[in-house]
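For reference, the structures are reproduced in the following blocks.
Next come two complexes built around chain A: one with chain B, the other with chain C.
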Partner chain A sequence: MTGGAATASAGASMLARDAHRLTPARRFRIYLLEARFQFVEVLREPMFAIPTLAFPLIFYLFFGVIMGARGVSLAVPTYVLATYGVFGVLGPALFGFGAGLANERDTGVLLLKQTTPMPAGAYLFAKVMAALIFGAVVVAALFLMAAHAAGVALYRWQWFALAGVLLAGVIPFCALGLAIGAWARGRSAVAVVNLVFLPMAMLSGLWLPIYMFPDVMQDIALALPAYHHAQLALKVIAMDAGQPVPMHLAVLAAETLAFLAVAALGFRRADSFSMRRIR
Partner chain B sequence: MQAAVTHSPALASLSRVTHRYGPVLALDDLDLEVRRGEVLGVLGPNGAGKTTAISLLLGSLQVQEGAARVFGFAPGAPEVRVRRGAMLQISGISANLTVREHIELFRAYYPAPIAAARLLAMAGLEDLARRRYGKLSGGQKQRVMFALALAGDPELLFLDEPTTGLDVDARHRLWSEIRALRESGRTTVLTTHNLDEADALADRVVVIHNGRRIAEGTPAEIKSRTAGRLVRCVTRIAPDEVANLPGVVEARTRGQHLEALTTRPEDLVRELLARDEALADLTVVAAGLEEAFLALTRDGKEGAA
Partner chain C sequence: MKDARYLVGRSLTWFVIGVAVFTGVLATLPVPEAAEGPARGVPEETFAVVDVTAFDGEAFRQGWDVWVEDGRIRHAGQRLDLPEDLPRVDGRGHTLIPGLIDGHVHSFLSTLGDALRFGVTTVLDQSTDPAFAAAMRPEREEVARGTQADLFSAGMTATAPEGHGTQYGMPVETLTGPDEAAQWVRARKAEDSDWIKIIYEDGSAFGMEIASLEGETVAAVIAAAHAEGLAAVVHVSTLETALEAMTFGADGLVHVWRDEVVSEVDARRFAEADIFVVPTLSVMVSADDPAVAELVRDTDDAMLSPIQRQTLDGRFPGGLGEGGDVAMENVRRLRAAGVRLIAGTDAPNPGTGAGISMHGELRLLARAGMGSAEALAAATSVAADAFGVAERGRIAEGHLADLVLVRGDLEEDVSRSHDIVGIWKDGYLVDRAVGSAGAGFQPEIAPAPAETLVADFEDGFEASFGAWDVTTDQLTGGSSTADVAVRDGALVVTGEIAPGAAFPWAGVIWMPGAQPMQPVDFSGREAIRFRTRGDGRQYSVMLIGSAEPAGPPPTVTFIAPEEWTQVEIRLEDFPTATPEVIAGLAFVAEGPVGSFSFEVDEVEVR
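Showing the complex of A and B:
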C-alpha cells in the first residue's frame, strides 16, 4: 500500500541519507528546548521550588536582615550572604539534578528518551542549566536583600567575584547530584538528598561559622565540598579561615572527578539491575 | 537463482538471540523478523520475554548472544533512531508539562517531524493540548505516549503493551488509531498478552513463551490452534488416567476438582461420564490464554511461517 493523498505516507522513508546527523542549528534547538522544559518542569513543582528557593531567602531575612540590624557590625549579614549563597546553589543542584534524575530513571522517561535521537548531552546540559538558573535567582535575590535591606557594602568587584564563585559551585554540586541520581532509586532519592543536603550545609559552616564548632567537626568539614566552596566565597569578602585557594580548588576538582566516577559506576550497575525488571 | 525476489526483506530482525538476566533465561535462541508494511503482533503471557525482545530491537538492551539489526544497522544507531518511534511500558513522563510541551520537545528530536496539530489530531488530543500530563486519565496518557512515538514520522513503530490498564472504550479508541497507521504504510510491532488485541490489529502473530517462539502465523491460524476447552468436575478418576485420553493436553487436580485441558471436549465428557457414574459438578469453559499457551507449548511444534 503506497498511501493516497488523504493518508500520509510514512514520510521518514524520504529522509535524506544523512538526516540522522545533527546540524548545529538542530542541536542548539534541542539543547535549548530540553533546558527550557526542564526549568519549567521544576518551577511548577512546589515540593522543589519552596524549599530550595525560599529557604535561603527566609534564612537571610531572619539572620541577615532582622538579626543583623541589631548587631554592631555588618559582619554577620556579610558572612551569611556568602554562606547562604552556597546553600542556595547547593539545593537546586542536589534536588533538581539528583532527585530529578533518579525519578526520571525510575519512571522510564530516560529509557524512552534514549530510544529517540536526543543527544545524551542535551539531557545533562538541561539539568545543569536548570540548576544554574535557579541558583542565579537565589543569589540575585540574596544580593538585593543584602545591599538594600541589610546594608551590606562591598566593592563592585567583590559583588561580581562573589556571584561568579557562588555560581561556579553548580559544577561540583551537580556532579554530586549526578552520583546520587545514579545510585538512589525513585522516591528514596529525595530522602538521600535530604540526608546529604542538610547535614553537609550544617557541617560546612553554611548556617553557623565553622570556627564556632569543636575541632572534630572542623576536621569533618575539610572533607566536604560545600565547605571548600564556602571558603572560596568567603575569601572574596576576606572572611575565610585563611587556607590557600589552590588547596580548596584541588579538593573541589578531585571530589568532582570522584563524584563523576561514582556516577558512571552507578549507571553501569543500573544497566544490568534495572533491566531485570523489564521482561 | 537471480529471479526477482517477491518477498520483502526484513525491516528489523533478531537472529538466534539468547538473553539472560543473571540466572534467569529471558530469551532462548529466538528468531524474529519484522517485514515492511505489516503489523506484527508479538503475543505471549506476562514474563514471556516480549519486552526483552523489544528492548533489544530498540537498543536499550545490549545483545548478549545472537544479532539484532534494524534497517540494516545496529538498533541503537543514529540512522535507526530518526526512523523509529516507540511506546514503552513506562510509568509516565513529567506530570508538570502540558501535552503540547511534551509534543514540542519530542518533535525537536527528529529531522522531519509530523506537525504538532496533526499529531494532536492523530492521537485524539486536540482538546487536551494545554492540560498537564499529570492531570490526564490513563487512556489519555497512553494517547500522549502514542503521539510521542509518532512525533518523528517513523517508518517503524514499536508499541509495547499499548493498551495495558485501559478500559474497553479507551482500548478500542487506541486500536482504531493503530489501524489508521497501517493505512499510512508504516510498519508496526505490537506486543500484547491479549489474544483479542492481536486478532484485531495484527497481520501476523508470533507467539513467545518462556523466551522461545512457539507459534507463528495469521491471527486466525493462531486462534484455531488455541481453541482448547477446560473441563472441570469432581471425580474419582485419576488425572494420569485422564491425561491419556484422546485430545487431552493436560490433566491435573485442583482442590476437589479435576481439571483437564482438551481439544475434544465432547469426547472427553462422554468418556468421563461413562467411567464415573458419580461424577459431579461438571463445567466446560473456553480455555483462558494461559491454558491456550500451555496447549501450544505442549504441542511442542514450531509454527509454520
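Showing the complex of A and C:
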C-alpha cells in the first residue's frame, strides 16, 4: 500500500502541476462539463429532484392559491410568493451541497474527482450552478402559478428584481450546505439538512408570515439567513418588516463567510481522515 | 476530444435556451393594469397623469394631461406637450380630482393622518385646542412629503360659560356679553385663528337646555371678527338662529338645521345674503343612515384606524332624534335657491370617521340632489373659496399637487369616490396603510396640574381638570352599557355587562389632558384615592397610559360595598412600567355578565 500511495501522490502532484498550465479555454470547458454532468446527475436523482421542485409548488398551491383565494386582497398570494421563492431556492442549495457533497465523499466519488486534473473550483462551481438552475426552475414555476392561478400582478421591474434577489440567495445557502456537507457523513447528511431546512424555513417566516409569530420566535428569526433573504425578497414587493437593506446584506455576508470557514475546517478534518484511510 | 467539444456546445446551447426561457417567462408575467395602485415605481414630485378624466374643481374634462412639477401643478389640459422623459401615470379609465377639503372637522391626535389616507388633503377645522392648531399649522406652508392633511382652523370657539363646546376638555375662554367680543377676537387673532367660529346653540333642537351666547353677543363677535379682517362662521341648529346669524352678517353657517323646513322665501334670503352653509349631513342625517353602513362595507376594514373604527361605531348619547329628513329637505331647498353649499362631515363626532366620512358626505349631497360635479365642487373649490384657502381645491396652474386618482368614472357615479387608486399630497404619494401615514400627532405628555382633587361632584359632572366620559366595551365590539348621573354630590354609574366582547367592561373614564387621551405626567404622585359605595360587586380601575397597549390595560380591582368607603390604590400597584403617565383612568365593572351600580366621589390623584 505504501508504494501505491507514493505513486498516487506523485501522480497527483504531476496532475496538479498540469492543472496550473490549464489554458483559459480548457479551464472553461472543464467547468462547463462538470456543471453539465452534475446537473444531469441530480436531475436523474428523483430523491433530490422531486422534493426540491415539488414542495415549494405544492405549498404555494395550498397556502397561496387555495387559502389565499379566500381573501379579497392579493396580499397573501403576493407575500407567500416571495417567501416560497426563498424556500424554493433554499432547498436545492442545501440538499445539493449538504447531502450531495456528503454522499459523494462517502462513496469516494469526490476522492476520484480530486485525482483528476479538474480544478476544485469546477466541482464547487458545478454544484452552485445545479442549485441555481433548480432554483430558477422553481422560481419560474412559482411565478407562473402565482400569476395565472392566484392572479398576482407585479410591476415588470418587480418580477425581475424578485427573481434576481431570490436566485442570489444560492450564495449564502450553498455556503450553509457546504458547511453541512463538509461535516456530516453521507447517510446522516440528509437528516441534518432536513433538521436545518425545515425549522429554518418555518422560523424565518417562509411558510406563514413572520408577524403571526410570538415575539420570541421573531427574535430567533433575526439570526437565520433565510429570514434576511426573505426580507430582501419582500422588500422588492414592499411587504417586508421595514428593516434596513444594509443590515440584511451585512448579516448574510457575515454568515456566508462563517459557513465557508466552518466548511474549510470540516474539509481539513476530512482530508486527514481520508489520508489515514489510504495509508 | 470531439465528444467533449460536442458536449460543450450542447451544454452552452441548453444554458442559453434556459436563460432565454427564464427571461421570457419573467417578461410575459402579468403586470398591474394601468395605475392599478401606486405602490413603488409610481412617480411623484415631478410627473404627469396622462389621458385622464379630470375634475378641475368646477367641471369634468375628458382626456386631460396633468403635469406636476416639484409638487405643484405646472400645467393641465388636453394633450400637453410633455417632455419625453417625464414619468407618466396612465389615467385611462380613472378620474383625477383635487384633494378633498372637509369643511367641518375637529382635529386631534391622528385625525389629520386618517383624513389624508382617505383623500382629504385639507381640513377646515371648526374648533380644536389652540395649541394643537398652532403645532399643526406650519406644515401646510411646506411643499414636502407629509403624512397629514393640511390644517386650517378657527382654533378656540366662542361660546357661553357651560355652553356647547366647553364639554370636550379643551381650554375655552367663554364670553358673557357683547362688550367682551373685541378683546376675545383679538386674542384669537393673536393665536393665528384662520377665522372665527361662534356657537349659537341652546339645545332646544335636541330637547336639551344648554347655556348659549345671547344674540347680541353673537352679533358683536361677528362684527369684531370682520373688524380684524377675519371671517365668522356660526354653529346653529334651528332655522330661527340661522336666520338671526344671517342678519348679524355671518359669513357662513357650519350646520344645517333639523327643526323646521326652510321656506322658499327664506332660502332665497340666505342666497341673497351670500352666506354659505356647511350642512354636515354626516351628523345631521342620523348616524344610523344606511349610507354610513354602506360606505363602511365598501371600505377594506384594514384601512380603518382604531380611532376611525371607534368614532364610526359611536352614537350620540340618546341619539339626535328625528330630523334627518328635515335636514335633507333643507339642503335641497337651499341648493334650489342657489345658496353656496360646502361638504363637511363634523368628523370625528359619533357615527363619523376622519377622512372616510367625506365620501359618505358626497353620497348624501348627491342624495340631496347634487350632480357629481356640483358635489365635488362643494368638496373642493367652493370650500376653498369660501374659507379663503389658497392654492387648493382646483386642478389649475400653480396650485399644489394635492390630487386623488379614483377608479372609474366619477361623473357617472360620485359614490365611487372612496375607490381610490392613489393620493398625492404636495406631489408626493401618500402611503394609505394605517400606521404608515396617520401616525399623526402624538400629543406631548403634559405636566400635571398642581391640584390633586380631580372631582368632588358638588357642582355636577365637572372635573377640576380633564373631563369625564362614559366608556364601554362597545369600542371593541361588545354591547355592555353604562349610564352616569350626578346625584347628591356623587357620581352614580349604572349599567349592564353584556356578553359579546373578549374583555367586557362598562363604566366611566376620566381623561386628565386638555385633549381627549392626551397623556399627563403625574410623576411624584403616589396614589389614586376615591370614595365609593355600591352593590358589593368587584370593580376595576384601569389605567390608560401613553402608548396604545396591545391587550387590556393595567388594572387594579376594588369592591364597592354598601357603605361609603375610601379606596386608595398606589400607582406602583398597576402592572405597568410607567404608571405615572396617565391618559385616562377608567372606573368600570368587568365580568361577570349582569347589571351593576356603584358610586364614586372625591377622586384624587395624590
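Here is the rule we use: the second predicted complex is superposed on the first by the 253 of 279 C-alpha atoms of A that agree within 3 Å, B and C clash if a C-alpha of one lies under 4 Å from a C-alpha of the other, contacts with A are read in each partner's own complex, and residues count from 1 in each chain.
Heads up, the rule we're going with is that a residue touches a chain if its C-beta (ideal position, glycine included) is under 8 Å from a C-beta of that chain, and two chains touch if they have at least 3 such contacts.
Predicted model only: the values in this text are computed from it and were never measured.
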_Quick check for you: in the superposed arrangement, does A:41 touch first (chain B), second (chain C), both or neither?_
first
*State whether chain B or chain C is in contact with more residues of chain A in the superposed arrangement.*
B
*Counting only touches as set out at the top, which of chain B and chain C does A:212 meet: first, second, both, neither?*
neither
_Partner chain(s) touched by A:143 [first = chain B, second = chain C, both, neither]_ = second
*Mind working out whether A:33 is in touch with chain B, chain C, both or neither, as first, second, both or neither?*
both
*Following superposition on chain A, which residues of chain A contact chain B and also contact chain C?*
29, 33
*Which bits of chain B are touching chain A when the two form their complex?*
21-22, 24, 26, 37, 47, 49, 51-52, 55, 58-61, 77-79, 81-84, 86, 88-94, 96-97, 101, 104-106, 108-112, 114, 118, 132, 148, 152-155, 180, 182-186
*asked:* Residue numbers of chain A touching chain C in their complex, please.
replied: 29, 32-33, 35-36, 72-73, 133, 136, 140, 143-144, 147-148, 152-160, 163, 237-238
*Using the touch definition up top, name the residues of chain A that touch chain B in the complex.*
1-3, 7-16, 19-21, 26, 29-30, 33-34, 37, 40-42, 44-45, 104, 106-109, 111-112, 114-118, 272, 275-276, 278-279
*Quick one: which bits of chain C touch chain A in the complex? Just the residue numbers, please.*
4, 7-8, 11-12, 18, 21-22, 25-27, 29-33, 36, 39-41, 300
